[in-house]
Every structure is written in C-alpha cells, then in structure tokens.
C-alpha cells in the first residue's frame, strides 16, 4: 500500500449508553473503558493511505428511551458521526438502532438479548436490517444454560417463573421462542405466573402460588430491587426452593451484596468473566488483565458489562480498518457486515447469523459463592454450552 | 303571564340535624321589591342559595317566570333571569372589574361583546365603580367588592335581583346613594329581593317585608306593620316585649 | 401615656401609597372610633398597627414601646388584637378550635372559652361544627370571640357590626363597654358614624390616607365630619 | 384460606405504604404542599442510615437515633430557607421546587454513592415469621413496619389534633396571615411541620433500607402510592391515610393474586373508584 | 346624552403581531439555511412549545392543574402506531386522527377527574395517566410492556430521503407549534377565554352569572387532549418507537412542560416561550455533564421559584408593563363628541 500521507479528518463514533437514571449501573464503567482506549483511538485507522484519528462522542440516554432516540438523532444530524454504538438494555439499544436504520447511519449495538433487539423492532429474520448490527447472546442460549444448570442437580423438576413486564421479560417469556417451550422440552413442569409490574413491592401472592405448587426451582426476569423483595418475602413465608436462577437480577456484585448471605447459592447467566479465555484483538489485553486493571483503577469488583463496552469499540475499530471509503456510510456498513473478529468477549462473526447482522457470544452458567478477594464472587459452574470456558467450581443447591 | 315571578313552594333544606329551610313558601311578584330580615343564621342566605341553585332543596318546588326551576343548574337559572350577589363577595380576583361584568353580560345576559361593553359601562357608572373599571378586582376593598357583587349581578340583566347584605358598612351618605341605585334598578322593572340588616335602608325601598327565623317565615306583610310586630321586635331588634 | 401612638405612619401596597404620615394617639381605657369613606385607609391603618403591612416610614408605639418593626405574631403577644375585616375564620378548624386559636398567644386574662360562649350562646351550640358552616353573622361572632380570647389590652375592630342583626349589634356594643370598663382600650372602625360615635370617646376621620379631622365624639359637628369625609 | 392470606399480606403491604405516606400526609394534607421530592427524601434518609451504619457499625435500627434528628433538622432548614417562600394560593410553585429538589437529591446521591443497589441487614429479623393458624406466614419485619406506621400515626394524630401546636399548624395552613394575628409565627410553624414530616420520612427511610434494596433512582416510583393513600384517606386525616394505605395494599394484593400483572392497576382503579364515589376521600377533615 | 364605551384590546400586540408573522415566515424557511441538526432541535422546540401552551391553557387559564397530560401524548403516539403500523394509514394523515383518538378518550376521563378539585385533581390526572400506561402495557397487540417500533418503510412513506423527511418533520412540528399558539391565543381572546378565567377565579360565582362551567371546562379539556394527542403522534412518528414508559413518561411530557410554563410565567402566553428557551439552552449547554446537568436544572427550577414566583415574564410584565399577546380587555369611555369625530373619520365621504 501507499505510504501514509497526511492526517485525515477525524472519524467520529457516537456512543450512547445510560450513564444516569435507574439503569445507570450499566453505564458506570464507560468512562474507565473509553479512557483505557484513548491512545489506540488517537492513533486511529489508516484508510486508503490516509491516517484518521478516531474520536468518541459520548451521549447519556438517561435510561430513557425518548432521550436515547433524541441523542441519537443529535449524533446523526448535528455531530454527523460515522458510526453509532449503542449499549446496555433495550431501552437504549432499540431506539438508537431505530434512528440509525431510518437515517442510514451504520450502527452497532450490544448488551441486549438479540431477540429483544431484533424482533422487538419487527426485524425480518430473512433480510435483517440494512444499517444496524448487534452482538450478544440470545434467548436460546439462556434457556439452554438455565436448563443445563437445573438438570445437573436432583430436583422435582417443577419450575416457577415470573417475568418483568418489559422487553427482556417479554423476550424470555415468549411462548414460541422463549423459556416455556424450551423448559417443557427438557422435561420440566412450568408454573408460569406471567408478568408482574416493574414497580411491584409485594410478591406474597406469587410466592404463595409457588409454595402451593411445591416448586423446587425459581426463575424469571427481575430487576435487582424486585428480586431482593421477592427473595426476602420468600424466606418470610417459608418458601425455600433448591435453585433460584433469576435472569438479569444478579449481574452486579452490589445486587448480591445487598442480599447478604442469602445471596450465596443463587445462580445466574454469565456473559463474560475474567476467566473467559479471550483477549482483545485491539489491545492484546486478556479478560483477566482487563478486569484487574478495572479493579486497580476504580477499586471495584469487575462486572459483566465492562467487557462488552470494550468489545463494541473494538468491533467498530476493526470495521473501520477494513473500510474502503470512509466518507461513504455504505462502505462502512459493508465492512461492519463482514466482521469476523476476535474480541475480549470472544469471537464475533456478523456474517453467520442466527439472523443477518446479528452475532452471538457464548453464555455459561454461574453461581454466587463466598469469595476470597471480594465478599461474594461469581463462579462459573456450568459450561455445557461453551466447553472452552473453564469451570470455577461445582453447582450446588441453595443451603437452607 | 299570570302569577308571581318567583314562587317557593314548601321548600325544605336540612344540614344534618339542622333545618335551615322548613317548608318555606314565598312569592315575589314581577317588579316587586321584597325585603328579608331575620336573626343571624336564620336561613336567609340559604334561601338565596336555594333560589339560585347553589344549594339543592331536599323537598319542595321553586318556580320562576312560569317554569319549574327546582332541578335546573345555577347557570341556567341565571340565564332565565335570576341574578345574585353573594354575602361574602366572590370576585373574579385576577380579572379587571370591567371583565368581571363582561363575563356576566356575555354569559348571563347572552349579549354580544360590543353591546355588552356599553351595558357594563352603564352599570359601572350606576354602581360608582367606573373609576376602578380597569384594575384587578382582587385589589378592591371589601365594600368595593360588595358593590362589584351588585354590579356583576346587574350585568346579567336579571328579571329578579337577589341582594345579600350589600349595604353593610356603608356610611349614611353611601347608604342613601345605594338606596337611590336600587330604586333606579327597580324603576327599570327588575324585581328585587334584598336581605339587609340596615333596616332603615331596607324599609325605604321595599314594598313588602318577610322575617325569617329558624328557616321559617315569622312574619310577612307591609314593612312598617311587620316591624311593629312584637315578635319581630323581640327576635330581631332585641327589644323585649313588656 | 398613650396606649397606642403612631407618628407619621406611611403604608404602601406595592407602589400604591395608602397612608400618608398618619398621627393617631389612643389613651388608656379610651374607645376611639376611626371613620372615613370607602378606601380612606382605615383598614390599612389597622393592618399597619398589627404588623400585617410593613410600615414604610413613621413610628408605631404601643405603651411607649416601639413595635414598628415587629412581626404580627410578636405584636399580638405584646397585647394587641385585631378583629379583621371579613371575618377570616380558619375553615378546617371547628368553631371551638377557632376560638382556641385566639388564645394561642398565651396571654392570661379574663376571657376564656366559657365567657365567649356566654357572650355568644349560639357559638356554644355549634362548637363542634366546622367554621365554614356558620352563617355570615355567626362567623362575625366567632371572629370577635377569637380576638377576645387573646386577652388584648388593645382591641382593634374592623367593621365590627358588618352583617350582624340589630339585636346582636346592640349586645356586642354593650359588651364592648364592659370590656373597656375592665381596662382594655378599644379602636373601632365603623362606617356607620352614628353607631361608631355613640360608642366612643373620641374619633379620627380618615380621608385618602390622611387624618382629616379628630375630636371628641360627644357633640361632634356633623357638617365638619361630612366635610372631613369627602374633602369638600 | 388463600384469600385470607392475600388480605393479610395486603394489609401488611398497606403498612409499608402508610409509612411512606405519613410524611406526605403532613406536608400535602396539612400544608397543601405537593411534595414531589418525598420519595427521594426517603431514599436520602436510607443513604444517611447506610453511612451511619457503615461508619459506626451500629445496628440499622439504632441508626434511627441519628437519622431521625438529622432529617428533622434538614426539614426545618429546608422549609425555612426554601419552601416557605413558595407557599401561597397556587399549588404549582411548591410542586416545581420539590420536583427540582427531587432531581437534585437523586443525582447528588448518584454522584456520591454510584448506581449500586444497597441494603441494610438486620439478620434473622429480615426473614423471621409467625405462622398463624391456617398456615398463613406473616413476616415479623412487615409486622413491625405496620406497628411502627400505626404508632407514628397515633403520635402525630395526638400532636396535630390534641395540642395547641397542632391546631396552630392547621390554622396556619388555612390562612397564614390570620394565624399570625393569633400569635402564630407561620415561618417557624411551617418549618416545624416540615421538620416533623421529614423526621417521619427518616423512619420510613430506615425501614425501607432494611425491607428491600434501594438505590438513588427508586425514589419517585412509589410516590404515587403515597399520594393515593393520602387522597383516599382524605386530606388532613392521618388515620385516613392509614386506611387509604391499607385499602391500596389489599387492592393490589387481590389484583396480584388474580393476575400478577394486575397488581398496580387494581390499586389505581380502586383509587379512582373511591374518588368518584367520594371526591374528598373517606375521612376528609373540614375545609373549603 | 349617554356616554358610549368601547373595548380596547391593546395596541402593543399589533406591532408585535406583524413581527411575529415575519418571524414565523423566517422559521418556516429555516431548514433551507441551517444544518439538519439545528432543524431537528428547532422542530423539537416547536412541539414542546405546543405542549407548553396547551398545558398553560389548562392550568394557567382554566385552573385545571393536570399532572397527567402525558396520558394524551402516549395515547396519541400509540394511536399513530396503530393507524400507520397496523392499518396502513399515511403517517401525516394519522397525526390528526391520533388527536381525535385522544380526544375521544378524554371525554370519559373528564367525567371522572372533573369531580376532583385542586390537588386531588392533580394527583387524579396523574393516576389516570398511570392507568393508561398500565393497561397498554398489558395489551400484547400493542407490544405490551416492551412497546413497538415503526418500521422504516412506514416512515419512508413520508419521504424517501433523510433531508426531505427531516424538513417535513420540522414543518409539521412548526405548524403544530404555531397552530396551537394561534388556537390558544384565539380562544383566550374569545368569550371562552373570559369564561375560563372567571371559572379559575371562582367557580360558584361564574355559575351565578350564567357560565356553564362544566361545558366550558370540558370543551377546553377535550380540545387540549386533541391537540396533545396529535402532537404526541407527531413526536412518536419522529422517535420511531413507543413503549409504555416512553409514551407515558411523566418527566418528558409533563414535568418538563410544567418547568417551562412555570419558569416562564404561568397564565401568560409569553411565559412558555421564555421557559422553552431557558430549558433548551440549559439542555444544550449541559447535557453532556451527566448528573450535573440534572442537578443544575433542578437548581434553576428552585431558584426561579424562589426569586421570580410569577415566572420571568411575570416579572418583566410587572416591571415594564409589557404585553405581547394581549388577552385583556380595557373599557374605554368614548365621549360623545369624540365619538362623532371618530365616526366622521370612518366615513369615506367625510
């Protein structure tokens, strides 16, 4: 190729995520992640012999879908960004992707089960979307992980489920693609109580129903405060299941700390951990090194979203490297669609699908146990879905 | 049309155990001026509220201008020609005095805006509020507010005007002016029912006097004769009978 | 020494000046009437004395003490009480609670619930009723009773007889005389000159925010008063 | 038996709502101050308790001894320095100011403590329960919350309806100018009322922090229940607020037993139905 | 000789009216000379102006302090999604239909909430909005709790290109803003405005002078619901996605609007304009500062309420006696002599 001539125009990436509001925990590490990538971004990418620095414009969705749509429109219309990156729950990723799709701006999203992102936007599984891409695990993965976990212990195979009335709850409880058929297919009885309102302060009626049905396993989708209330009331009402695997509720160590010792033994999905055998194609850092750096810099325990925040920037940089005409969004989009990249959260291949423009990342089963370095630690206890990820310990029933 | 302009037939109203109108019957002729007196709490203002519909009667009937208005909403009674002033003034505080009247003229008298302006101007002149026409009613003094009550009621061009203590707190001179005003209103053909504790002012205007006590009619008739009745002198004026 | 004395008292509503250098003196045990046409500033004067309107220039002395800068609640505690124009009872309190509120300042004296009920028996009947359910005249009684409950040394009455039946007015004025006899001082604002002057020792006539005439109530000169009223 | 259990649990839930609502019942019911920041003030109290517990290592319930006076002082200063200037005929200025406060508190807490979800632990008391005949398990802690709500309401009821001070509170909220004529210093009284309201909020905050998780963002979401409880009960009536809260709790509980989705809807609809039947609530004190 | 009177509606407004027309024309041409980011922002301001004027009409003039107007934004938005997404109606036609849907629902709602007064009304309307949200969250056909997206194809029906579409969105928003402004101004200058103000000041007294208070309030409420619903449709046509949370967002559609109106000056038409500019200026300046943006916004709300209780316009108009949209009526006495001369001047032959 030709020698580097001159510095080209900066390439702008819009970065939308919830930094404030009810789901601010997901955006908490943004500053750390982006600061760590500063040098790599400043060095930028070389396209057609011209070196372009990359800048990131961060926008706060305030955990509010209206605001997410508005800041994305701003990124597109005022900041004229080249790519929009949206992350952290469908309240942000879906409106971000919708704006980009309509306005013809390349967009990458993550950190939302892909069905919620894809079918929630009325995607056509044959064609996919024109301008928007996504990588994360999906409902099929989480059902497999959960049922694998449950089958590994001796229970009466009776599962009680409760779903939050939001996109995640809707995706996971879907009668065709969600938990109910998958769980039944593997021989479980499902006591499905349906949706509960997000602001619920009381689960006594549902707990009563679970108790009546002699449920051994509890699952569903919960936000942390709702699960905490549920779990406390369950104890008060003398309901002690052998396994509790609530999705979404136990991602953050703080949620488990808030439960105290009653958090020990609860199981959850694990998207990523320091023990995942991956390293960043951009910086060469391993998952373990990255988590250590995070703890060192912030004094906090690692959390699952930080890897994905890192990965989404990696995927964008990788696509830019392969872009031929930087001023043509279609060229950038073509490069994104050609992604076959090895990131800190694992391989991301946007060519394969499950559906066009969506890549899946591995998901395994974890359980919260008493830890050494931190009070509670998330152990990987089931890797039937991704055997290359090492186990930390064995899955155990909740001590009662 | 025959018969009285306003007729109350055995109207009753209770507040809990307290009967404030006790099978009260009353008639007011077209163009008549009727005075109402009675001790505090006798039920005079309540009677007005029953006539205007601010309070619904428990029993009995109210007829006005030949129609039964017992079940009619207050604003419809106003449009039929019942205008009232409140004992405790209710001005539209943030509107100007003129606008207060304008609402009444447009909605009560169903006039056009331009026509109403003239009418309101005249009423303001008549009631001595002309100088205050364009200031917010909220800044009026208590007595000016009372005059505003009268003016606003007049602006609805009522056939029957109900006045609840608009003369309290006036100087002799002002009282005389008020009496003149009311006479003028009456001369224009409006029937008047006036509740007032300033008896001499009342007597100089009305044709007939009704005394109410405990929601019942204590006396009724020619004013001087009523005032001379010992019962009335005792109950109302506090002059014990020998 | 005067119980109440104002020197050069001014008062404003926003930019509008309602009092212009008012000088009034009320001696101990006196009953003084303040008369004047509509909007002359009588109510404003009373409000300025009790601290409801910040005085803007001039002095207010109560028993020789400056009370000009004090706030209303401090002035009540010092011993001045006002029966406000238009009653102003507390709507969410019962009749009795309204009366008790009158005693909030905690001044000891002859007036108690019992005595007020004796003065206005109808209030005793309605002691538990909400104040809003009283008739206009009954509300005026409650307002007077409430003011008395603070056992004031100086009682200011604004349009005392408004809305009261003649029998009641007669009664109240008789009682006021008793109150004065017990050592209180009285200022009454009343538009009915005859009523006001009959009950008082001296009077001040206000006109457009200024004192236009003052003198003894007995044998007043009707023509002079009329002139002072309307400024002719 | 199942329905009995539903009603028992709903009543206990009502106890929680009552505790949230009492402070509001004072500010809203008595001062007509629509305090949108009430929920965030509860969370603020919870965070104060968290800091106290972490710093001193004391039992969370013992933190009441510090949280309540702190909130009392905060309430006094807040009212005297800020809210007093917003009171008047219109309900809007206080509404807007307290909304501003709500946003300020929430985001300051977020700055100071991050978005993590927190909890105060009281060991076994969290999960212990009594088993009533018929197998209805009643959590001790919810029972304690209910008892505390009743006690707080009883105390406030005495204060507001049996003392001179309480009468002065109500008089001042009706007509501050006239109350001043009676010798009541309205600025001080309002400040005192707010101080008491926030002291109660402090109690609510500590109990909330023990009952369930909290984070800076959850303040506003329960505010509407507190408002509903106050209005169902009737403005200015503290026992009414308790009744309102219990009605709301039972309605939600029944709704949720029928279908989990209906929980909140059932409460809201009950609220509207009651208001349509009795626009002034069940036990409104005199006014208007 | 009888005195004659006429009503003076204020002359200051006429000069301003001309200026406003010119400004409106300039605004209409905005997309032709500024970049699409500015256009988008201006469009957002235009629909917020509409929401603010509508809320101000309710709360500032009719005394109906509603904290539940988000109900109509959300209902309008959902109606639009159903009309365009499921029934295939053209999006621009769907906007007024969304308004009609909101208005239709506002009728039964009014019958319930009109029984309430003051603070009860405020909270009652809030609960009604909440109920709308909860009910919609339970209808799977509308996307339940997760909401639904408008497919790009539907929006492309307006215009295929992004630039043209953004212009059309902008013009729609501008038209909505100006139409609502004209409607509110017209309503307030009409006799209905007079009745509304009277009702706000005293309901029993207005009844006693013949005002049908219920019908007047109902009319206003329904008209406001119609406009709010239409604006809601327009908003979500641009947002492309609606969910119960976003559609019925208390903060976005009511609190921000209250902020604008109250900061600017409630009960004036000028006030909401000022509040609008202050809010957007703050948002543009501070939006990237995360929590601090919100903290400062909160402080501004507190500050203005403490130091300018009648809002900024209230302060300005008290100080300078300024009125740009005169809705007041002054009674002017025309002396007979002067009237004659006026008549002469008006007579073309004279």
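For reference, chains read A, B, C, D and E in written order, and residue numbers begin at 1 within each chain.
Basically, contacts are C-beta pairs under 8 Å (C-beta built on N, C-alpha and C of every residue); 3 or more make two chains touch, one makes a residue touch a chain.
What you are looking at is a predicted structure, and each value in this text was computed from that prediction instead of being measured.
Judged by contacting C-beta pairs, the busier of the interfaces C-D and A-E is A-E. Once the centre of each chain is set as its mean CA position, chain B and chain D turn out to be 48 Å apart. Mean C-alpha positions place chain A and chain D at a centre distance of 36 Å.
Centre-to-centre, using mean CA coordinates, chain B is 29 Å away from chain C. Shown for chain D are the residues that touch two or more other chains, namely 107, 110, 261, 264-265, 288. Multi-chain contact residues of chain C (touching two or more other chains): none found. Counting only residues that touch two or more partner chains, chain A has 20, 165, 195, 197. Interface note: chains touch in the pairs A-D, A-E, B-C, B-E, C-D, D-E.
Listing the residues of chain E that touch chain A in their complex gives 35-41, 44, 134, 137-138, 143-152, 155-156, 162, 166, 238-241, 243, 245-246, 249, 251-252, 287-288, 290-291, 294. Contact residues on chain A toward chain D in their complex (touch as defined above): 20-25, 28, 63, 162, 165, 193-197, 199-202, 204-206, 208, 212, 224-225, 228-229, 232-233, 235-238, 252, 254-255, 257-260, 262. Note for the complex: chain B touches chain E at residues 52-54, 73-76, 78-79, 83-84, 86, 90-96, 98-100, 102-104, 106-110, 113-114, 117-118, 120-122, 124-125, 130, 133-134, 152-153, 155-156.
Here chain A touches chain E in the complex through residues 19-20, 58-60, 62, 64-67, 69-71, 73-74, 77-80, 90-91, 94-95, 98-99, 101-104, 116, 120-122, 130, 164-167, 169-171, 195, 197-198, going by the rule given at the top. Within the complex formed with chain B, the residues of chain C that make contact are 13, 35, 37-39, 43, 85-87, 122, 133-138, 140-141, 159, 161-171, 190-194, 226, 229-230.
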